[in-house]
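Across the two complexes that follow, subunit A remains constant while its partner is subunit B and subsequently subunit C.
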Partner chain A sequence: MADIFERLLHLDRRWIFLFVLLSVVAPILVPIGLPVDMTAPTRLAFDFIESLKEGDVVLISFDYGPSSAPENDPMVEAIMRHCALKKLRFVVCVLYPLGGLGLANNVVAKITREFPDLRYGVDYVNLGFKDGASAVMRRMGDDIAGAFPTDVNGKPLSQIPIMKDVHDLRQVKLVFTAATGIIGEWWITQVHPQVGTPVIIGPTAVGAPKYYAFLNSGQIVGMLGGMKGAAEFEKLLRDRYPRMETFYKTTRAFTATKGNDAQTVLHAVILLFLLLGNIAFFRHRRASARA
Partner chain B sequence: MNLEFGRVTLVILFALIPIVGIFLGMRAPALRSRIPIFIGLFAGLIPILSMYIPKRFLSGETGMSPRLDQWLIILAGFALLLGIVNVLQNSMRKISRRESGWPFSIVLLLGLFVTGGFGIYGALSGHGIGIAADGTPTPFQYMTNWFFQPLQSTIFSLLAFFMASAAFRAFRARNTEATILLIAAGLIMMGRVPVLELLALPIPALHPAAASASQGLGKLTEWIMKTPNGAAQSGIIIGAALGAASMAIRVILGIERGYLGLGKGE
Partner chain C sequence: MHLPHIGVWIAAFLTISALSFLYKDNPFFRFAENLFAGVSLGYFVGITLDQTLMPNLISPMRENFGQNWDLMVPGLLGLLLYMRYVPKVAWVSRHALAIYVTYYIGVDFTRRLNGEVMPQLARLIQPLSPFDLQTLFTLIYIVGVFSVLIYFFFSKEQGPITKRISRLGIWFLMISFGAAFGFTVMGRVALLIGRLNFLLFDWMYPILGL
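Let's look at the complex of A and B:
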């Protein structure tokens, strides 16, 4: 027995890599269907969007890149589905330079395939990417066309029907930022205090702890913390809209609910490694002290 | 010609004075640091003043502060250009000197030219760089979907393997602080996802107890995140904001000069 723990201390890390790989891949290939418990920040976000009126405009900012797409993509997809179901209009913009635009194009294309009734320029618009994140946000606070003179296809904003009602961020009822870094925080610290537009943030799980401070102070109206937050939002959508129950059950695409299974198994594996590593460490220390 | 007060002042402060400064700096080296500090002073003061002085020339839609933001967006575009020039210089040098890893520089330059070329083609041809109306990706979007995204995702996903390995090897309860950290991390990891329900899966009789315990653990986790974590994060954010404000004041007043990139004695 002692020998096992001694060997554990010197375990080849490739075994750990193998366990991690299996614990992520297996639940995605064969979903377990584990339950998703609800947390207050996600509930607040959902309730806020539910309180918006038909035709209200939501700004969805893609402030992340492919590195965190498995966490952030399901969030923006769920938010866009919610907008489509609630008949809210949405404006998409990208402030993250490393691949944010490609992700936005894909997500918008995916959602418009799911909701063929959505009309470009009337129900939604894609403004594309602009560099200089915080300056762009502040400019949008005064004049959106000042920051984005055209949409992603080069069409002037003055020719896009949805933008006739939206001159600046004051006409936007909610900003949702799916963020991997500091850009999401700038929506909270630079746009919300100056313009007053409510903000919901969708950070990665690693970044989520920071935003509890903003949630406590009322500077954000909700948060989708990492893949868990996205899974919770998907659950709320399923409970509220029966159409979504069928969709999330049948879709072959990756969703946060499926990711939640993989995340749970991986957490269990890491916890097991932590436990074994510490037992081996204490046994070794005790044996060294005796010697 | 539009001769608004704010517009004219901005042109004087950020176009004429820098140009004059460059010529004066050539003749009198002492001026090389003073003119940029002078420009930095006004670039820092204008946005602050616009918050407190609700005058059209400062904070109006075409006032000085929004106009500075507009210029900042243009400057950010030029910063990207500088980045490209830097990549070109470094990679070309590496290739010409056959430094270690030089073949990777060729791949980097190929990626830069092919992706950039597709972007320019999209802009010039009018096809854009997104997804065409019939749902097919443009060449630029194709590069993004099938090269850039998988590569960046792969690099980032390696983190999961290294984190698990590091947790096993280094996350030990060596002292009181490490033990508290370990317990908090364990609780959060268990509370954020239904680990207990996963463990109880093979034994149906345990399902209700596991669900109930998981909910309790979830509430504890949420309390940890909201209360101790929220309080600590507030302190960190306020501390960082005060630090940033003091640094900004130092830059505005010309005390902090590191950003000027001057040599010793200048």
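Let's look at the complex of A and C:
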């Protein structure tokens, strides 16, 4: 036994990488369906969207790029599905320069395939990308068409039916920002004080802790923290809408629920290695002191 | 069998090349790393030219110079930033930088004040009666903020009381760093899951005809 711990201290770290790889790949290939615990920020976000009325407009801002897509994609997809199921209209915009537009186009195409009843220009619109996020938000607070004169296809906003009811952010009932950096924070610290529109943020897990302060102060009405938050939201969708239960069980596409299994297994493996490493370290120290 | 398209093959190759660093440094990793840096920079330059400079500076001046001549001022300030690469006139770039920094401070100051400081303070000012769990949390926040501020107060040497308070501040900081680290691990794992999911379902499964 002592020998095992001694060998652990000198274990080539590549063995640990291999364990990490296996503990991620195995649950992806053979989903376990581990339970998803609910947290208050996600529940608050879901309940807020549930409280909106049919036809209300939600602004969905893609403030992330490919580097955090595995975390942000599932959450923004789940929010769009929720909008489609609740018959809320949604306006998509992109403020993140590095690849945000490509991701937005992919997600919109994916969701509209899932909900073929959605009509472009009537139920949703894609405004595309605009550089200078802070200034763009400021302008959108007073005049959305001033910031985005046309949609992603170059069509003037005045010719798009959904935008006839939406002149500025005051007519938007909710802003959802899927964010990887500071842009998401600007929706909270700049737009919310400017026009008072409620904000839900979907940050990457790295950024999530700081947004609890905004949640506590009432500056945001909910939060989906990283892939875990997205998995919770997917669970709430499944529970509320039976159609989603079937969808999430049968889809071959990547979802946060699938990722959640791998997250849990890998975290257990990390904890195990932490425990073993510490035991080995303290045993070695005690043995050295005796010697 | 429906083989994945060329883009998926390239993405799979680059993903494996990047991950190969975990075994040891190798030319494939170096190639992927340099390619990523180059493509990111090129993309960013392209998008800045196309989405910022063209619609906000070049096109308006080209289309109606009489009405938009004032755009020359920010345009010139932007050019002045590059003077730092000419040693003799490098000092000129500092003026442009000073204006840029001042402008940003002006914009950000109100944002921080209105969007962060005031709402967060307002949240903390709560009646103590009735004393419930929320009131207790508010008191913990107040103690936390106060003790951390004391820890970062370097203008005066700490006495026995302030030392104890700053020690408490360290505890609050450690707890917050621990939470941030936990979330960071979760975030990095999510990225790994995303890449492995791509390799398995978008690349390997189609090759195997699954």
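Going forward, the second predicted complex is superposed on the first by the 291 of 291 C-alpha atoms of A that agree within 3 Å, B and C clash if a C-alpha of one lies under 4 Å from a C-alpha of the other, contacts with A are read in each partner's own complex, and residues count from 1 in each chain.
By our rule, a contact is a pair of C-beta atoms (placed from the backbone, for glycine too) under 8 Å apart; a residue touches a chain by one contact, two chains touch by 3 or more.
As the structure is a prediction and not an experimental result, all values here were calculated from the model.
Steric overlap between subunit B and subunit C is present once the structures are superposed on subunit A. Judged by the number of subunit A residues each one touches, B leads among subunit B and subunit C. By the touch criterion defined above, A:L22 reaches neither subunit B nor subunit C. Touch criterion met: A:D143 reaches subunit B, while subunit C stays clear of it. In the superposition on chain A, contact is made by A:L98 with both subunit B and subunit C. Once the two complexes are overlaid on the shared chain, A:Q219 sits against subunit C while remaining clear of subunit B.
Contact with subunit C, but none with subunit B, is seen for A:E71 once the two complexes are overlaid on the shared chain.
Once the two complexes are laid over each other on the shared chain, residue contacts for A:Q190 go to subunit C alone; subunit B is not touched. Legend: residue contacts after superposition of the two complexes on their common chain; A:V122 is shown touching neither subunit B nor subunit C. With both structures placed on the common chain, the touch criterion links A:Q263 to subunit B and to subunit C.
In the superposed pair of complexes, A:I279 makes contact with neither subunit B nor subunit C. Across the superposed pair, subunit B and subunit C both touch subunit A at residues 17, 20-21, 24, 67-70, 97-99, 130-132, 205, 208-209, 213, 216-217, 228, 263, 266-267, 270. On the side of subunit C, the complex with subunit A involves touching residues 22-23, 40, 43-44, 47-48, 51-52, 56, 107, 111-112, 114-116, 119-120, 122-123, 141, 176, 179-180, 183-187, 189-198, 200-201. The part of subunit A that touches subunit C in the complex is made up of residues 14, 17, 20-21, 24-25, 28-29, 67-71, 97-99, 129-132, 134, 186, 188-190, 192-193, 204-206, 208-209, 213, 216-219, 225-228, 252, 254, 258-259, 262-263, 266-267, 270. Those residues of subunit B that touch subunit A in the complex are listed here as 51, 61, 66, 69-70, 72-73, 75-77, 79-80, 123, 126, 128-131, 135, 137, 141, 144-145, 148-150, 152-153, 155-156, 160-161, 163-165, 167-169, 171-173, 182, 186, 189-190, 192-195, 197-199, 201, 211, 214-215, 218, 222, 225-226, 229-231, 233-234, 236-237. Taken together, the subunit A residues at the contact with subunit B in this complex read 11, 13, 16-17, 19-21, 24, 32, 34-37, 39-40, 65-70, 97-99, 101-103, 105-106, 109, 113, 126, 128, 130-132, 135-136, 138-139, 142-143, 146-147, 152-154, 194, 205, 208-210, 212-213, 215-217, 228, 260, 263-271, 273-274, 276-278, 281-282.
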